[in-house]
Every structure is written in structure tokens, then in C-alpha cells.
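There's a structure below that I have some questions on.
In this document, chain identifiers A, B, C, D, E, F, G and H correspond to the written order of the chains, with residue numbering beginning at 1 in each.
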Amino acid sequence: MAEKVLMRGNNAMAEAAVRAGCRYYFGYPITPQNDVPEYLSGRMVEVGGTFIQAESEIASIYMVLGASAAGGRVMTSSSSPGISLKQEGMSFLAGHELPAVIANVVRGGPGLGNIAGSQSDYFQMTRGGGHGDYRMIVLAPGNVQEMADLTYLAFDLADKYRTQSIILADGMMGNTMEPVILPEMRALDSLPDKDYVVDGMRGKRKSRARLSLILEPKELEDHNWKLQRKYKQIQENEVRYEEYELDDAEMVIVAFGTAARVAKGAIRRARAEGLKVGMLRPITLWPFPSDVVRQLADRVKEFLVFELNAGQMIEDVKLSLEGSANVNFYGRPGGSIPTPRDLAKVIINRYSQKFRLI
Amino acid sequence: MAEKVLMRGNNAMAEAAVRAGCRYYFGYPITPQNDVPEYLSGRMVEVGGTFIQAESEIASIYMVLGASAAGGRVMTSSSSPGISLKQEGMSFLAGHELPAVIANVVRGGPGLGNIAGSQSDYFQMTRGGGHGDYRMIVLAPGNVQEMADLTYLAFDLADKYRTQSIILADGMMGNTMEPVILPEMRALDSLPDKDYVVDGMRGKRKSRARLSLILEPKELEDHNWKLQRKYKQIQENEVRYEEYELDDAEMVIVAFGTAARVAKGAIRRARAEGLKVGMLRPITLWPFPSDVVRQLADRVKEFLVFELNAGQMIEDVKLSLEGSANVNFYGRPGGSIPTPRDLAKVIINRYSQKFRLI
Amino acid sequence: MKKVYTRPKYLKPVANHYCPGCGHSIVHRLVAEVFEEMDIGERAIGVAPAGCAVLAYNYFDVDFVEGAHGRGCAIATGLKRRIPDAVVFSYQGDGDLAAIGTAETIHAAARGENITIVFVNNGIYGMTGGQMAPTTILGMKATTAPFGRDAKREGYNLDITHLVAEIEGTAYAARGLITSPKEIRKSKKMIADAFQCQLDNRGLSIVELVSPCPTNWGMQPLASVKWIEETFTKHYTPGVLVERRPVSG
Amino acid sequence: MKKVYTRPKYLKPVANHYCPGCGHSIVHRLVAEVFEEMDIGERAIGVAPAGCAVLAYNYFDVDFVEGAHGRGCAIATGLKRRIPDAVVFSYQGDGDLAAIGTAETIHAAARGENITIVFVNNGIYGMTGGQMAPTTILGMKATTAPFGRDAKREGYNLDITHLVAEIEGTAYAARGLITSPKEIRKSKKMIADAFQCQLDNRGLSIVELVSPCPTNWGMQPLASVKWIEETFTKHYTPGVLVERRPVSG
Amino acid sequence: MSKKGKVEIDREKCKSCGYCVEHCPQSVLKISENYNDKGYFYAEQVGEECTGCSICAVVCPEAIIEVWRG
Amino acid sequence: MSKKGKVEIDREKCKSCGYCVEHCPQSVLKISENYNDKGYFYAEQVGEECTGCSICAVVCPEAIIEVWRG
Amino acid sequence: MVIKSIFAGFGGQGVLSMGYTLATAAMVDGKHVTYLPTYGAEVRGGTANCTVAIGNEEIASPVASEPEILVVLNQPSVLKFINKMSPGGTLFVNSSLVNKIPEREDIEVIKVPANELAIEINSPRSVNVIMLGALVAKKGLVSPESMRTAIEMFFEKKAKIIPINLEAFQKGYDFIKGEESS
Amino acid sequence: MVIKSIFAGFGGQGVLSMGYTLATAAMVDGKHVTYLPTYGAEVRGGTANCTVAIGNEEIASPVASEPEILVVLNQPSVLKFINKMSPGGTLFVNSSLVNKIPEREDIEVIKVPANELAIEINSPRSVNVIMLGALVAKKGLVSPESMRTAIEMFFEKKAKIIPINLEAFQKGYDFIKGEESS
């Protein structure tokens, strides 16, 4: 087994990308994810890959589109405002059906906001902030190890479904260092073949075009239904989540990423007081583990959604539950991150109200 | 009363903007909304306003931000890909708390898609396709008359709440001509005063800044809660919808915009066959008429959501119902618009299955 | 008798959607001829613009990626970096390249990106129906400049090729006309030189083709080419604007 | 004794967050002095950049709008069109103005937008921690150009002020240094001339201030100004680049 | 000059722009009085003096003129 | 030259950049051996030969030098 | 009841103004009406067409997937649209330019030699208005008076050519009435 | 149990490397550990600081809102952070540069004249490592062996200065052990 190294979340993500076979990175600086381009500017030279600091986030996403159309494993990263700028390009990637890995190391919003960790881009990432009916796989790492592991996975999923995989982290996750075991380096020739790539006919085949303009409504409709079938497949196959202390739980916290991390600490405190609290941590935010939530409601009637925003994932929880359990929300927008103790208070409070403790 | 004129939806919207006191328009051509900039390029000269064809959608949205910060009633318009490009700016407008009216004459997506009418930007508009926790008032006109009326209203709402008002139309609505009665021309000096405007101190007051950067998380959190309170207020005061043939309905269609138009025709056909079908047409997509939907479910147990997309508003319907009624979906993404007859078939089919007719 | 001219092999044998007399269709032909003559069609990859040439991949018989409006140079960059031995070109209109795509164009030049830009300047937004372009000259009418472009109101027209030529990473910048047989032949030479530049790894090459848009100019085809020669070229003089780092030997 | 120099009135009496020896703080002072001397502070509206000067409104005692990264000229356009008698300026860094904001800058110039750009060129992305800027010169290191900028790998540095100067709508373009007392005085004169240009309604005015970023250059303040004079100015020569349509009489 | 040539025009694809007619040095092309299925009055060769110089092909936007010479 | 001047420096805002010290033609400024609350070794006037020329103020990034002359 | 008509022809034949004028007349008549032109220049060089829906109730869809009326000015348009027509519909063809009409027994075909008629009144550009005259005479979708008003409104800024267009309208109108009474 | 420490001082005092080295040592020790530096240059000219959390269970939050340990190298940092400290915590001050310490009776204050000690070993830049020595000696968060390994790892590319830094560590360590035993 590989050795543990102390790495910053952003760097673990960047290194995992290289190990997953990513040789094309196009980005633009923005706090709190600057480590990614900084790390890769040197690293890509070492592995013979391409690093370009583009003139903007928009240029980067279209460089991604170009390199992906030509068959490369390719990545870009940014943070909230920069991700907003990429929305058109992300819609194009979806329409063109091209794989790409995109990291959003979320900061406080809206507008210029701040550079603290936040989760307020949940809607943007899970509902498609760009135009048109499309979805992307959204992976939410819960610690630095997962920053590496899920990034590694993201490339395979992207290729498998010809889709975008999003790494949805936040400023704190990106900048925290933890010991991490890095995934192994993939040999480039072990990567899956792609038969849709635009790389020149070379006298071997007919000309090809990758495109998303389909003027005839009926044809564009068919294209859309095809996309929807693919999304359906992803929903069936790729749901990922973590169950934490759920066995005997009477109250379920639903939280992801940094919030889930804090929630674990809070749950330990609550359990220390004798409260039967557990957590469901969606790892894939899309596809959302709706069935798991729904099934939990068969035995647990009290849910608390905890997010570092004003309430976004709660919609997915409610859509899953369809009224079958009670849902409360606790949220902190704007980059505020409560301590496990703060959250434990909220949990204990809700729990006592519900189960008439005290 | 003013005379009826035959006008294209896009032009009716543009003229209504001028009559609402809009004197600043910044835009960029994109089909199917080109009439808007074309109309206003001449009209603004007539009324002494400003028309700029910007170098891009991004530049336009930031020109909007500037003119709004300086106190003007200001508008931009675009269609899906162009709206995606504006997402960063829209998040900034939300953070800066600046009013603006933005029209999205939706086309088929994702990517370049096509120029037919579509409703696949519902998520983008109602959930905020940009980063951060923010919402915008989303008005969905059902015909050309409403293109004018809701645009007129949009400016007042934008000023009242210091928010963005979105006109969510589609290619067909924008390009259809119908007789319309235009709202009256507002005198510029009748427009509400604004006390937050950045227009130079002029020796009269201290310097002011309009901004969204709030580095301290606690302060940005407070700013966010303040925004949320405002959104709450809008939800309480500004819900708009149309009820159509609901009195005795046993099945409710939920549809907006062009889809609702088609649905009316389908309902007339269904009723001609003796089916008790009605429609709820949300006019404000955000705030969504959740309470109305919820109350309807007290007596109607069968809902059919009909959208010109692969299923987006259905989430709001489900969130409103919380499992209290049965919901089905019929959708056509990619610019396909079914005929009233097609839709009637779907309705009759569902209705018969449910109520065991035939 | 011997066949001395036939449709170039890298143009598909299909009708196109361009209006009668449109410059795009001539430029397509020239590029396709150059591909055949230089024997680079098999490794060519084009980026199609949002613009009248949006369907270029339906006509060119080479690989293509459809671009978003203005982002041709960025997409071409991604393609070229992934497949350095491909001949990558971005086909763009004046709105595409000189308005929304300004930053992408300027910075591809600054990077000395080894791609070729085929830039069709018709002084107007053709596809969307005749709105003002950055290249629309003073006095010229457009659907969004109904009184004719006025410097005070609509600003000046922009010579983007000149700006690109000023940038060090640009190896070759030229402007040709799509008007008479003579000018068309010169333009073709420029296109060939631009691609040669890419083959020689010299950096960015751009050829601006000043082209008629009879439809949106409201002119007959013959009148439109005449207008180019008499009026439009006053703002856009043909010729080689810059040639840097010539291959030695 | 008479007070012959004091803090200008349009600078708030507060400490700023800039690093020791940072050029931004000197430029702030110069602009504030010009406002006072030309008596235009009461109708000044600034646009703050995303960049080290993001908090400019905390220091300038005039009205301000905070901009998004790169969009200063667009926001300034909106402001100026709404309030033509205001003195509108966009304060921007080299990343802001010459990378992400390229299109906005070029087109504000093309429109001859009657605004003033105060452009601080420190050859680096200061705020985000020393990444390469379009203006980073060849050989110079940056956190995203760890081996030093190499034309083949990272492309050439861009002289955006030169490009802007080439555009017809630009009435005034100049480049000054923030180094010695002499150069600083010249720079101040340029800033005053640029604002005068706006007062005279002559079109776009831009002043580039070549400024030290001791922190990200990894130099002491005094070493950094010396490096500007000896090395950086080889790429960015100070002087007036263009002056168009001078006021008659 | 005394070379003999001929052209073949794909009349269904002709859009009647008139460029070939305008530039043919031998004036052997003209716009027909008949139109094709798309409604365009197509160009056609009317004289025998064609030299096969290919100028018409150089200006034709539709790339539908084949030229023979010999 | 024989004019008399003096400067007053807001030492708590000084960041010790050294510009004023470097450029004072009279060399009457120096960096102190003491630091302010922010930890910067601030600049101070040490000689009497100040002419009030204001050059120090022209280069000071913090705009914290007031100059008197007369 | 809502009646839908499609007008189709080459770009330059005044197809869109036909629809627009008819829609205006319907508005003047106080009817419900929508007019939907083809929009967007994304595909060029095809035929132009537009749809008018007129009725005495709210119009559900401005699109005509099965028009009751089809007015075509050129050959390609006949081929393109004839199969969409609703059974019992009426096809108006400009018989001066259209000779091949695919057989359909369930529709009525009205041939109007519009080019010839236009030449008769010395106004070769009025082919479209002549067809409108025929349409109104045959189907009475709007009153002739409203149609005249609509024509006057349409040419408001070129008052000079109002008379000739009114004459063209009458020409087409009379052509049908003459046929009917003959 | 998780123990959180904050390290704070001027930018140039090696504050971040203090935290980083401690975190590395904890990793070598096989402990759970997180290290969170201040990031982003959006506000300049302040103090630098970082947080290290070490424990034998998963670490919930890398943030220390109530640190058990505070290590400060300059005066402003004492004032900024002392009130956040958790009761019963330990404050390590570089007493060479810090003279004002606000009173708090519920914490222990360890004064280390780090600048002087650094000069004693002829390595004025090693103030931070000396403080680390003191910290480990007093609190035993990690083993001295792991700390030495971490120092070696940190200076891997500047092998020459490893010995002097090991010496600095020992100097701080011994300072505390000396005090304790005295």
C-alpha cells in the first residue's frame, strides 16, 4: 500500500487527476482553489501534459471542450464566480456529450462574496446552472482522502457516460491538509478507447463532427430523450452515499462535504448525551440517493438537513421523502461554518422537542 | 382605453419596457429575441434613452449593473446560451441588491440547440443558475398581452424589492404576433426614488459603495439572511397565477407560458369529451404558487404537469404537494411543441386510466 | 478534353444553405482547395462558429467541432494541444471573432498558439439577421444601427486583424478580398500561407477574408462585391499585415 | 511654518491592507490628489476591480461600485451612460484588464466610451497570490509559471495599452512608472490628463501605471522599484502612447 | 487563347448570383430564363468560345462548375 | 535650499517600505529601531536639515507624511 | 372555432406581409388572431412561410400542424406543405408559377393565375395581395372592409401604393367571385 | 479526543511551517490530523495563522473556534486570539517579542524567550522551531522522534539546514524540560 502524505485538498485533487490520466488542464486563478493551477503548472511539465492558464474561466472551459473532443482526459477547476462563467460551456459539453472533470471549490456568495468555504452552489451544480435539460454527476468529497479518490473516480465516470463529473468541494476542504493515500498512476494506454473523437480522418474513416446544434425540433427532442436515458442509467448505477450511525437512529441528519464532517462531530456529542442520531451523507449529490432517503423514512420520521447555505439540498430530501417524514433545516450561508458543538446544540434542541426528552 | 395593435411578443415586451420608464438597454443579438435589440436601437433614440449593443452578453449584464447602480431602470434580454453567460453577473446583481429586468426568450438546449421555443431554462431561472443563495422573480407570460403587462410590472417589482425580475418567455411567444393593448407611458419623474444609488456625492452626502464582497463570514451570513428575508417577503406578496376551469376539475394540469396556452386548447377538447379537467397556470414561477397547489390537492388528487422540457417545474409541484396527490408528467424538450390535440390525447389517456372511463 | 477544375474533394457534394453570392461559400471552397493541394485534409480539424457558417461541418469533408459563439480560438487551442500534428483551424465571422470572442482571439495570439484562423469579415451579423458588427463601418446601416453607424452613438469600427498582427505571438496575419477572380486567387494564397505557417510551427496565423453578405447589406451579389472594392476596403485594406519568424533555410 | 503637503481629502483617514511598498497605495494617493486638484471628487464614481485593489472603496472617499473581475469597463459604461456628468473611472489590475477583461477593455475603447481607466500593471496576479498575468514578462517566475515564463510554453507578454492606443475611440493612452519621485510626478500628470480628457468629452482615456508588487515578486520594496526601472520597463516603456482629437482653442 | 474548353454547371445547385457571368472573359455564360427546383434562374453556357480558363469556377460560390480544357 | 521644513509621520501606519528614506535629498529620514503595533519598523525624521521639499510625501505609499515649510 | 392558414413561397414574394395583413384585418374585425412568421436566419435559402390563426375564442397554439388553408406562391412550397393540410381544407395556389400539385382528394384546390392578374393591373409585385383577395373572397375569414383597412395600415408609410394594392386585392377578390358566379 | 492548536505571528516568522511540521509529525505518529492555514491573499498586511487539530478519532472540523493551544510569535496575535482560547488551555508566547499578555486566569501561559534562544544557537531564523520544541516538551502532542522526522521531511530539499533546525527543536524542548525540572 502506498504511503500516507500530508496534502492539501486542492493538491490531492490535482495529483489524483494526473494519476487518473489527466494530461490537459485549463484553468484560471481564483481563491480558494489556486493551488490546483499552481500545482499543475509544474506537474504537467513533469508528466509531459498540457497546462494552460487561460485568459478567463470561459476560455478554459472551451479549451476543455476542444481537448475532450480530441479524446484527452481533461480537467478545469474554479470557484463559484468562475463556475458561473462556465455555465454556457458546461451546457455545451452536455449537448456535445463530451466527458470532462470540473472542480468547484465553492466560496461564499452571491456576487464576489468571500473566500470562505460554502455549499451555496448546490443548485447550480445539481440542476444545471446552464441552459437546457442536462445533468452532471456531482461528487462531494468529505475529506482530503476523498478529494483524491473521488477525483480519480470522476474521470472514469466521465468517460463511461460521456458526461461531466463535478467535484463539489468548498474553500475549507480545498485548503485543509490531511494525510492521504494517493491512488496509483494509471498508464495512459490503459485508458478506455473512445470512438467518437475528432482527431483527423487520417485516411481511415469518414469525417466526423461533434456538435449540439440540432435545428429540427423533433431531432433535438430525440437527442434530449437520449440524454435523459443516459441520466436515468446514471441514477440507477452511480448513487453513492455514506451511512453513519444509522442503525438505531431516531433522527437522521442529511449533510454532505464539510457540513457532514462537522455533523459527525456533532453526532458524537449528541450520542454522548444518549441521543440516537445518525447521518446519511450523500456522496453523489446528483444522482441523489433518493431511494435511500425514502427507505430510511420507513423507520425514521425525523430528518434534519444541515447545509452550509440557506437551504438547497433540502429540496432533494423533500422530493425523496414526499411527505413521509418530518424535515427540518439548519443552514449557515455566507461562509460561516458552525462548530460541531454549535450543531450538536441544534440537534439536541430539535431532538428534545420531537422526542420530549428532558 | 388604448387601441389594440398587432405586435410581436418581443416587441411588445420592448415597448412595454420603454413605457415602464426603462431608458437603458444593453444587449447582444441572439435568436429568437433579436427583435428586442432591433426595436430598441431605434426606440431608445426616440425617447432619449441609451441603447448599446454590447460586445457580448457578459458585457451587457455588467453595463446593466452599472446603470442600475446609478439609479436607472434598465433591461437586458437574451436567449438560453446568452443567459448562461450572464449567470455570474446575475449573481452579482443579487449580491449588490440591484434591480434589473432580464428577459430570457428560451430556445432549445442544451448547447447551441436550436431556435425553437422551449422551457428548459426553468431550473436556471428559478434556482439561480449563478453561484450563491439568491432568487429572482420569474414572470412567465402566457400570451403577447402578458409579454407587455408583465414586463411593465417587472420593473416595479424589481425596484420594490431591489431584485432582478426575469421575463421567461420562449421563441414562439417572442415571435408570435397578437393584438395587444400597450400600457401607458410612465413619466420618468413618477418613478420611485432610490436612496442607495451611486451617482456622485455632489457635496451633499458621504461616499457610498455598492458591493457584494463581504470578507467576514459572519457578515456575509447576515447579508444572506437579509436577502432570504426579502425573498420570504416576495413569496408572501407576489405569487401570481391563473386558474382555468378549476371549479369542478377532477384533474389539474399545471403548465406555464406557451405550454399553458396549448393546454387550454387541450382542456377545451377534453371538456368537449366530458372530462373534468382544469389548469393552474403559475404566472410567477418564482415565487411558485405552492400554497395554491397544496390547497388544490385537498379536493383534486390527480395532477399532470406539462412542460416544454424534460421535467423541471414538476419538482416545484411535487415540493408543493408533499405526496398529497398523484402527479404525472408530460414533456417535450428540444423545441418540440405538441398540438392541443396531441396534449388532449395524453390528458384523456391519463384521465381514463385514473377514473376508469370507457 | 481534360478536366481542369472540379469541386474540391474536401467539400461534400451537397448544396449549402448560404444565400446567393455569399462570401462564405467561396471561402469554404478556397479552404477545401488548399487542403487538397497541401494534402492536409486528412489531418484537418475545424472549429465551426456560431454564425452563418454554423453548419460548416455539413459542407467540409474534414473533422469538425462545433463551437460556441466567440470561443473558436479556445476550442482550437484544446484540440491542438491534444493533437499537435493535426492541422487545426477556427472558422469565424466578424461578430464571433471580434465581438464576443475578442479575448479568446487576442490571447490565442499572445500565446502564439499554433493554429490558423479563417476569419470572414462581412461587416455584419449575418446569421442573426443583420445586426451591427464590430467591423460595421461608419455610416453603414444595420438592424441595430438603424440610422447608420455613428461614432458618437455606436462607436468606431474595429480592425481586429490589425490588433492581432501587433501581438508578438502572431506569426502571420493577412487580409484578402472575396470579390474578383484576382482577389480571390490572392486570398487563396494567403490561406495557404497561413496553413503553411502552422505546418512550420511558427505560431498563430490569421487570414481575414473581406466577404459579401448580399442579404443583410440589401444588395444584389454583384453590387455587394463592388461595394466592397469601392467602400468597405477603405477601412479594410487587403495585404499581408505581418509575417514573423520566417522559417530559416 | 505652512503645511505644504497633507493626505489628500479624497483618501479616507484609514490604514490600507496593501503590502509595504505596494504601488496600489501610491496610485490611490495620486488619483485622490488629482481629484482634489481638479475639483472632481464630488462627482467621481469609481469601479473597483477584483484584484488587490478590491477594497478601493474603503480608501477612496468617493462613490464606488464593486465590479466583477474584468468587467470594469462595462460597469463604468453603464454608470457613465446613466450619469453623463459624473467623472467615471475604472480602476483595474493587469489580470483584470488584460486577461479576463480583454473584450470589455477593447470594446470600451472602440465605442470611444467617455471614461477613464486607471490601470495598475504589476506584471502579476497580486491578490490571488502571484500567478502569471498577461503582462508577466518572459523569464519572470510566477506561481503558475514556476520555471519562468517561456514564450513556447506560456506565450508572450501582452502590451494591452498599446493595443488600446491603436483603437480609434481611444482619446488618450499613456504609461507611467511608480518608481522614483520624478516618475511618480509624471504619472500623476498623466492621470490628470486622462481625467481632463473625460471632462472634455473626448473619448476613452487610459493610464497604465507600472507598479511594484514586492510581495509576489519576492523582493524588498526598494529592490522592486529598481527592477522596474532596469528590467520591467524594457517591455513597458513609459510615455504618452496616443493623444487623439485634442481640444481645440 | 485558341485553347478550347467547356464548362458543366450543376444547375440545381446554382443560385443565380451572376458572378460567373460577370467574370467570364469570353462572355459565354448567361443567366437562363428558366429556373431550377429551388426557384433560381441558373447560369448556363451559351457560346462555344469557352477557353477553359476556369475563372468562372474561381468565383462560383457553390463550387458547381466543372471545367474542361484541351 | 536654505528653506526650513519638517515632516510628521503617522508612525502607526508606516510599513517600513523605505521609499522616503531612500529619496530624501537631505537624508534626514531613517528607519527606526523600534516597531509599531503592527510590527513594522517605522520611518522617522532624524536630522534638522529638512527643506520641506515634499519628496518623501510624493513617494510614500501610505500617504502618512505631512510636510511643513516656511 | 379557429381557422389556421399557412402562407408560403420564396423569400421575396411578400409571403410574410400576406400573413401580417390578414392578421391585422382579423384584429380590426375584433377576432382572436395570432400570426407566427418563420424566424431566425439560422437556415437560409429555403422558402419563407408564416401561419395565421383566426377564431372567435382564445387561440391555443399559433402553430398550424394541420392548417385548414394553405396559400402557396411557388412550386417547392406546395410539395412541402400539402401533406400537412387538414382534410376538407382549401389550397390556394399561384397557378402562374405552380404546375405540379400532388393529388389529394380530400382538399379543395383553388388556382389563381396571380402573376397574370398582376400584370393585368400593371403591378407585378402585387401577386401576394391578389392571393389575399382570392382568399377572402372564397373563405371570408375577415370582412373585405377590414382587409382594406389592414392594407391601408400596412402601407401607411408608402401611401402612394395603397390604391394599387387595394386594386390588387379587388382583382383577386373579383377573380373568385367571377369564377363562382360563372 | 482532539486537541486543536493555533499558531500565529507575522507573515515572515514561519508560522505556517510550524503548523505544517507539527501536522506531519502527527501523521508520522499515525494520528488523525488536519492542518488549515489561512489562505487567500484577499486581505494583506495582517497576521498569518494556521490551525492544527490532532486526535485519535476522525476530526470533525479543522477549524479551531476554541483552541486548547495557542502559540504566538508576536504581540498583535496575542491580542487577537487569546480570548478564543478554551478554558484550561495553554498559551505559548515568544516572550522576546511579546510583553503585554491580557489576563486570563483559566489558562496556562508558557513564556519562551525564543529570539534569545535562537541567537544562542546562532540561528536567528529558527524561532519557530524553538517554539515547536517547547510545545512538544510541554504538551506531548506528538513524539519528539516523529517531530524530528517531520523536520527532516520539511527541509528535505535543503538538507544542509536540517541539523540546525533539529538543534533548535532540542533547544526549545530542553528549555521547557529544564524549567520543569528546575
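The criterion applied here is as follows: a contact is a pair of C-beta atoms (placed from the backbone, for glycine too) under 8 Å apart; a residue touches a chain by one contact, two chains touch by 3 or more.
Since we're looking at a predicted model, the values are computed, not measured.
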Checklist outcome for this item: In contact with subunit E as well as subunit H, sorted by label, we have none
Checklist outcome for this item: Two candidates, D-F and A-D; the one with more touching C-beta pairs is D-F
Next on the checklist: Suppose each chain is reduced to the average of its Cα coordinates; what separation in Å results between subunit C and subunit D?
Outcome noted: 34
Item to check | Length of the line joining the C-alpha centres of subunit D and subunit H, rounded to whole Å | outcome: 41
Item to check | Separation of subunit B from subunit F, taking each centre as the mean of its C-alpha atoms, in whole Å | outcome: 60
Item to check | Residues of subunit F engaged with two or more neighbouring chains | outcome: 15
Checklist entry - Which subunit B residues reach two or more other chains? => result 31, 55-56, 58, 81, 88, 92, 96, 111-112, 114-115, 211-213, 215, 337
Item to check | For subunit G, residues contacting two or more additional chains | outcome: 40-43, 45
Checklist entry - Which of the residues in subunit D come into contact with subunit B in the complex? => result 41-45, 47-48, 54-55, 57, 60-68, 71, 74-83, 86-87, 103-104, 106-107, 111
Next on the checklist: Using the touch definition from the top, list the residues of subunit F that touch subunit H in their complex.
Outcome noted: 15, 37-39
Checklist entry - For subunit C, which residues count as touching subunit B in their complex? => result 50, 54, 66, 68-70, 95, 99-100, 102, 125, 127-129, 131-132, 134, 143-147, 153-154
Item to check | In the complex with subunit D, residue positions of subunit C that touch it | outcome: 99-103, 106-107, 110-113, 134, 151-152, 154-158, 162-163, 166-169
Checklist entry - Considering the complex alone, what residue numbers of subunit F touch subunit D? => result 4-6, 12-13, 15-19, 22-23, 40, 52, 54-55, 57-70
